[in-house]
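The following blocks contain the structures, represented as structure tokens.
Consider the two complexes below, in which chain A is the common component and chain B and chain C are the respective partners.
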Partner chain A sequence: MAGVSIRSVKKSYGEIEVIHGIDCEIADGEFIVILGPSGCGKSTLLRMIAGLEEITAGEIAIDGRVVNDLEPKDRDIAMVFQNYALYPHMTVYDNMAYGLRIRGMSKAEIDMRVKKAAAILELDGLLARKPRQLSGGQRQRVAMGRALVREPSVFLFDEPLSNLDAKLRVQMRIEIRRLHQTLKTTSIYVTHDQVEAMTLADRLIVMNAGRAEQIGSPMEVYARPATTFVAGFIGSPAMNMLPGRLGDDGTVEVAGVRLPVAAPVAGTAGRPVTVGMRPEHIARADQGTRTFDLHVDVVETLGADTLVHGRIGGAGNELIVRLPGSVTTGPGDVVPLAVAPQNLHLFDAETGARL
Partner chain B sequence: MEKRVVFKGKLLPYLLVAPQIAVTLIFFIWPAAQALKQSVFIEGAFGGNAQFVWLDNFIELFSDPGYLHSARVTVVFSAAVTFFGLAIALLLAVMADRVIRGATVYKTLLIWPYAVAPAVAGVLWGFLFNPTVGNLAYILNKLGYDWNYFVNGGQALVLVIIAACWSQISYNFIFFLAGLQSIPRSLIEAAAIDGAGPGRRFWTIVFPLLSPTTFFLLVVNVVHAFFQTFGIIHAVTQGGPANATEILVFKVYNDGFRGLDLGGSAAQSVVLMIIVIALTVLQFRFIERRVHY
Partner chain C sequence: MIENRPWLTFLSHAIVLLGIVVVAFPVYITFVASTHDQVTLLQAPIPMLPGDHMVENYRQVLFEGVGAASAGAPPVLLMMFNSLIMAVVIAVGKIAISIIAAYAIVYFRFPLRMTFFWMIFITLMLPVEVRILPTYEVVANLGMLNSYAGLTIPLIASATATFLFRQFFLTVPDELTEAARIDGAGPLRFFWDVLLPLSRTSIAALFVIQFIYGWNQYLWPLLITTDESYYTVVMAISRMMNVVDAAASWNLVMTCTLLAMIPPVIVVVLMQHWFVKGLVETEK
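For the complex of A and B:
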């Protein structure tokens, strides 16, 4: 078991820099999820940790040892690939035993480890099959098994569940979580699925265009997003972002409405800001407590919840609100709403940084 | 989805396959039948009075030390051409697979020799190694090696092997390269993480995954070495010196058209035909059952 240190790591392909300097200290036994949109450099970062991609600048250390110049095999890591990368000409057993044989382990020890992993992953009956005789979910398990038997100090996962159907994905997600709880091996997991990220992670690295926008626990990232990008990326439906201006007396003006702010921010009155409100933090109010009115356009009924799309004050300000399923409303209605001051997120209008 | 065209009449479909059938009949079935018939007759010295002799031609063939010698030469020649043709092509393909800069030029240059006709390739190599005017022969002689393939049978055999290999390497190279490029990169990466070095990755992952390609090329190369190297032998050594490079196809020609032993020559052709049929059957059965790993 080991911690992983990522220090000012950069990556360029030729002239083009795709990772612009990432810092992160990953503690021993932590489950880290790297989350971000397609093309932001998640896989590249993971592959640099694995040793499959050269590190252009900066340092990566595993268990206190700088691994920049070490071969993948000397880094004591195991990786699960998106397409599983099972050896097609070998049986499930041989796929799992391959790495152990190379390390010169005794036959008995190999057999014990493979059988143990197979039992954990419910692959017992499939050991003699070739990968092509397995379903997608079973292949995924074999790929996990191949990493498991090695008992490495760090697990790396590159979108391991993205080829599975929705139901299987949920099931495997829980299984991975359970495995981590028993093994407590440091794990780094790449995904672009925010639900996967939130449920698995001890800490998240939210990446965008080669930068780490925020590093923190799922709850931190959800409650205090560091930038408008993070705010928009985490949460479903996405956070409402409206243009606003700072008022003078610790308020902010959005769509012609003055809202009190929990922690007044420094800055001159009139400074343009972006105001974020999560759909689930906006509640229905009565005439006395309401802060603004929503002119309803579309209503989506989800059962437990109802998503109400509409506009507030004027044409441009669209808003989505998540209301309890019991609320009945329809297009053309006007719904009075309120939002608590502590649920307002203020961001710099230009840089997008949290204020 | 079924991609089948159904014809209304009977005439059109027959008409459409007629040219193919005609070509096969005239240029393959008919000569083959002739050879079969010929192989059980002995032709008179001046033609005409052919005599039916059952399998005497074959019996004579297999008790003829000249024929057995030719068979041995063919085995050595084919094995060498196939082995070196495959091994060198595989080596080049593995290296080409790694080249990033100038890869297209490199690949194109490697493919060119295949466009050169075997006879021309033969002349070319014969010229390069010509004991009196050849550049390579000059270098060999300078290095203290007594090179003269006109008199040294072993050297002549080496030379025709080189010439036959040369163009075959290009052909094999294309197939190996395509095979290599169809192996997903992540497999190699997974093996690297599992701890396998480059050599081990090649022998335990890449080579097994290339085996369908290798087997296909093996059969094609053996067939090539057996039957399509006539032009090279004819251009370079004429089977000599002292029959050292007389492979079976060349002996068919030598005995039939020079020695005018039509019956014996036909019997040899029949033997070759049987070999080709066996190889083809082997290949088809394998391809049919070919499991993609």
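For the complex of A and C:
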């Protein structure tokens, strides 16, 4: 087991820089999820840790040892690939045993480890099969088994569940979590699925265009997004973002409505800001406590909740609100709403950074 | 396709049967001819039914050669052995060399990699016949005339096989290579443990093609063998037909022809089994 240090790591392909310097200290036993939209450089970062991609600048250390120039096999890592990458001509047993054989481990030890991993992953009855005789979920488990038997100090996962159907994905997600709770091996997991990220991670690295926008626990990232990108990326439906201006008395003005802010923000009155409100943090109010009115356009009933789409204060300022239960309202109605001051997020209008 | 049109069924079957007859008839005639004696074959209606000289013809051809009219060719058994050596060495050699060449070109980065690839590729356009005189010169200077080395080595280099293996290697997912790297397999282990087993299908297919190519070589053995103990069966057949003073012993020529057909057929039949098996097994 070991921690991983990523220090000012950059990656260029020829002239084009795709990772612009990432720093992160990953503690021993931590489950880190790298989350970001397609093409932001998640896989590239993971593959640099694995040793499959050269590190252009910066340093990666595993267990205190700089591994920049080490071959993947010498880094004490194991990786699970998106397409499983099982050896098609080998049985499940051989797929798992292959790496151990290369390492010159004794037959008895190999057999013990493979059997143990197979038991954990419920692959017992499948050891003699070839990969093509397995379902997607079973292949995925074999791929995990291959990583498991190595007993590495770091597990790397590159979108391991994205080829599975929704139900299996949920099931495997829980299995991975359970596995980590028993083994407590440092794990780095790449995904673009925010639910996977939120449920698995001890800490998240939210990436955008080759930069780490925020590194923090899932709750931190959800409750205090560092940038408008993170705010919009985490949470579903996405956070509402409206243009606004700072008022002079600890308020912010959005679409002609004055909203109180929990902590006063530095800056002169009139400074343009972006105001963020999560749909689930906006509540229905009665006339007395209301802060603004929503002019309803569309109502989506989800069963447990209702999504109400509408506008506040005229055209342009569109808003989505998530209200619990079923709500009797329809297009054209006006619904009084309130949002607590601590649930308002303010971002700089230009840089998108949290204020 | 589910259709129920009796006429169409009839027609398609008729065409298939016709095709079979067109292909099989000459083989049948060859067989019939190999069972008669020389005199019968030289008379006007060619017999359509097998005669009673089969055992005699085959025994003579296999163990004694075609006789006085054979222009000095040795027993066919020896020539078939020569052909077999030539075909097997060429097929195995071509596969071995080209799979290694393709491995280098696809998996290693070295200076002038693409130049080498294109050089190999361009030789695709040069069949044996075009370079046969310079090759002859080289082989003669190396003292390889009248030897198995001379018969096989110049034909081993193969752009086609290299190209086919390259195309196959390009379809092997990168992730598989990376998984092997993480498992700690070096280049040679990866080649041996992963790439080679995955290539079984291509190897089987190429073996069939190259075996037949080597077996059917005519011009090259004709050029470089003067010692009859290195004659191959395909070149010998044509020599048998070109006898000067006597009438060709067609019965023996046909016997010889039929024998020459057998090994390629065996290879195709055996490999076909492998071929299909390989196809099913390595499919993802």
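Rule of thumb we're sticking to: the second predicted complex is superposed on the first by the 354 of 355 C-alpha atoms of A that agree within 3 Å, B and C clash if a C-alpha of one lies under 4 Å from a C-alpha of the other, contacts with A are read in each partner's own complex, and residues count from 1 in each chain.
One rule holds in what follows: contacts are C-beta pairs under 8 Å (C-beta built on N, C-alpha and C of every residue); 3 or more make two chains touch, one makes a residue touch a chain.
Model, not experiment: these values are computed from the prediction.
Once both complexes are superposed on chain A, the partners chain B and chain C clash.
In the superposed pair of complexes, A:E350 makes contact with neither chain B nor chain C.
Look at A:P88: by the touch rule set out above, it reaches both chain B and chain C.
Judged by the touch definition given at the top, the superposed model places A:E15 against neither chain B nor chain C. Within the superposed three-chain model, A:G99 lies in touch with chain B and with chain C [touch as defined at top].
In the superposition on chain A, no contact is made by A:D124 with either chain B or chain C. Annotation: chain A residues 50-52, 71-73, 77-79, 81-83, 85-89, 98-99, 102-103, 130, 132, 146 touch chain B in one complex and chain C in the other.
Residue ranges on chain C touching chain A, taken from their complex, read 173, 175-176, 178-185, 189, 193-194, 197-198, 281-284.
Those residues of chain A whose C-beta lies close enough to touch chain B in the complex are 50-52, 71-73, 77-79, 81-83, 85-89, 98-99, 102-103, 130, 132, 146, 150. Those residues of chain A lying in contact with chain C across their complex are 50-52, 71-73, 77-79, 81-83, 85-89, 98-99, 102-103, 130-132, 146. Residues of chain B touching chain A in their complex: 184, 186-187, 189-197, 200, 204-205, 208-209, 292-293.
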